[in-house]
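What follows are several structures.
The following pair of complexes shares a single chain, chain A, combined with chain B in the former and chain C in the latter.
Take a look at the complex of A and B:
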């Protein structure tokens, strides 16, 4: 137990140094590297929030774009009448409410139903928003004018990342985290020892959705002009899934290992071969399944403890149930 | 009346796609999320055959459907069989196959984008009016419906009246038990996957005669097909046809009475009702 403690202190120290270094980036560069850092920060936030729910439950959520777009729209609609901080909080609440409704309808059923439902969720919200806007307001797009620059966005995202990591860590230590580990290993066992399986999943999905909504709200000033096709872009959901799985979802910091290389690669591909991005996404999915079923983090674990690798592979295969 | 006929035509095409998917998921146990891309590919093939070789879409069916059968057989044999072998239980196969078919979906979409670009395509085939009960309809839509009905009858006869079809249904019910009565389960799974792909391609060729298509629309069709499969009950042929008609009618009604931009909302409304009240499908029995 004492050894665990010291390891936790080390993790905390490394995380704090990492955050400080990332927060110092705007002091040295305000062009390409700052913008790339913001991109990386976005995906770190989204993928980690995604992992909070999908890591332990193994449900593949494609609702990211829906929550993200809701966050942007909350800011876009309210920016002229309310302070930014209030809107960010509201975005979290609305996204959590949507997650609870969707979770109650689908999380009692098998994983496939959940995937299909979330696959269309962003498109559904987009249609409804477009319809409401064309019928009840004059314009389809919204302008968001604020004093925030790229560096402010980066700092807010880093703060959010810190909150997400802290929340994830606290959940892991709580009764809910323990319950989730049991559910992830064997749902029938979990039900028999008296865990409210459906409710635990819904709570976790709401937490994850709220963070994604907040991330969308924080990013609204960066885009300045918000319209349904870009706010609810379904590709975002897929990118988040790939990056998180590429990094590995068995730890909270796993997605980090996938986000950094993939964002840089994606940035390069979309700058030089704009028509090849969907091919890249496709091959990344196939590569994950065949070459890295447990993500980069699985490789790291194997290298650190070669003899435990085989056993780990077996248990994680069982955990995928 | 207009809604009824337009909805039925659309429903016939939806049913073909959904039947393809229900065979792939019900028998081969592969949730094929690249099914919509398969459909779009067939649309483009029909377009290309019409434009380059002056082969009309009905003749094109006889070329495209066998080609799709072979292509899907190859996909199953090369891409999916290693996963089926590796999977220790059904849950793992489900997650793996979802991820791989997502990969396939993006790869096929990327290839089509490179070849055809993102523009919308359509072509003229039998665009002559037919009068039914005082209203004009395109002859192409009526022909598409007729072809779809002919294919259901063939499929139904195959599944319920032949030994091979019965074996296929046995695998859908229980792969382990089917193996015990000397049914070659891996072969049947590959066959069902390929047949499903062929049906979807047939739906694609018919769809292309009256619908405007582009490289990126596959996902929407995959989603609708999945919703139909769940509504009808996984592996249930009659359920899929009925659910396809229901969904197409609801969509057409919403598009013409409320707003064409809200068709997906209609689909989702139906989907939620089914999930809440009959998650086992319209004709399904409660799982014990």
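Take a look at the complex of A and C:
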């Protein structure tokens, strides 16, 4: 329980190599592939941060856009007066604070109400920001001018991804991670062994929200111009859910398996069929969900344990006879 | 012994709409006592246990534990004060292994242990309930009696000051019942305080220092198992008044 197993060392080594390769991309290309890498890095960060909370709790959060937009606005409002690093940290703190308030109010609710509330939350924050801007300032958007190029954004996102994975790994080994597994099995038992169920969920929601807020802050320089409809775009929340679920949320690296192929697929479809993008992406989703009901990670598990898969197939065949 | 009892229930009441499941029940349990909570089906025994463990909040009345009021506290806080329980329908944590089930009882409760200490303690407890060497078995696929044993080990893992057993002996065959009774007797002999809801009369006669009898939500008798089971009100509650 406390010693690292050899498998964990291997995972760490593979992760370090992967990170190094990704970080070296700007040395070889500063055009299309760099831009594609940034897109992949964005969704890896967002989907993995989302999975920290939604994986073990099975609560589908659509608040991603709210936290992301808060991160963007923190940078947009403060970039003239404060160092970028301070703003990134502040974005994390504000997003975590919002997550704690929202979590305490809603995580006692059952799943469906939580989904609707989080969707509404992103919209509420967007409307409040729009209202504040139109009433108290004379511009709708904000400009973010920095010296950061695409490669700096990539490096920051990769560093954030490393922190998110490390945090998720530490949580899984901690009492909190163990508590979440118990809660996932049976909340009544969890309460009766002394777990503060509501607070455990709130803590995870705050950690997840903070990382999404930080991601928003890091990306603000890339967009240069920030306005409510783009910063709090609800489509982002749905994309994160879809990609994370396609990858699989049973493990922390599951979303990675969804994000990489699907970002490349979307990119390919939108480049080659610009007039039919939505249609083809829709077909792709249906095909993928039909073929991989447990996400890519389910497929990987079956390939890694062929005997177990055969056993399952055999017993189910016997059951149907 | 001590000045005040370990558990004291005063005028506890639980209403579900118009139905009064527990009505003005008062009793107390001393340190080291093994008390049986008996009565016909639907008499409110499990509801009474749920009020003590915090699964349900009392509509009225007062429950105190170790001289401290615990009425209406959330279940996790009551568990941390040292009350552990098993459930009428066993609730193993199915996706966890047997030993993880036991560690679950140790990591967050009354006496908290974690890491290698928790593993060691859990191994000992698995041996105690007759599951030595089964630590890595997936708890979801264990037999009924083994899941009951596992639940007992989980409840004991936090070293509770009060153990609540909800029909822990129900559904066991005669051989298993013998083992189960011996296990509880062992717990009593080491001085653990236990309240057990039970239907198995042999177990009650051989185990309980004292019995509390409930009928239609009210307490109708309180005394030694032998005396209580001879009282006319108790016999009529179980068998109907014509036979009394």
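The definition used in the following text is that the second predicted complex is superposed on the first by the 279 of 321 C-alpha atoms of A that agree within 3 Å, B and C clash if a C-alpha of one lies under 4 Å from a C-alpha of the other, contacts with A are read in each partner's own complex, and residues count from 1 in each chain.
Criterion: contacts are C-beta pairs under 8 Å (C-beta built on N, C-alpha and C of every residue); 3 or more make two chains touch, one makes a residue touch a chain.
Here the structure is a predicted model, which means the values were calculated and not measured.
Looking at the shared chain after the overlay, A:168 reaches neither chain B nor chain C.
Contacts of A:76 after superposition: neither chain B nor chain C is touched. In the superposition on chain A, contact of A:281 is made with chain B only, not with chain C. When both complexes are overlaid on chain A, the residue A:127 reaches chain B alone and has no touch with chain C. Of the two partners, chain B and chain C, it is B that touches more residues of chain A.
When the two complexes are overlaid on their common chain A, residue A:248 makes contact with neither chain B nor chain C. On the side of chain A, the complex with chain B involves touching residues 58, 60, 105-106, 109, 111-113, 115-117, 119-120, 123-124, 127-128, 130-131, 134-135, 234, 238, 241, 245, 275-286, 288-290, 293, 317-318, 320-321.
If you check the complex, the residues on chain C that touch chain A are 53-55, 74-76, 79-80, 84-85, 87, 91, 93-96, 100, 103-105, 107-110, 114-116, 118-119, 154, 158.
Taken together, the chain A residues at the contact with chain C in this complex read 1-2, 175, 178-179, 181-182, 184-186, 188-197. Chain B meets chain A in the complex at residues 31, 79, 82-83, 88-89, 91-92, 94-96, 98-100, 102-111, 113-114, 219-220, 223, 226-227, 230, 259, 261-265, 267-268, 271-272, 275-276, 279.
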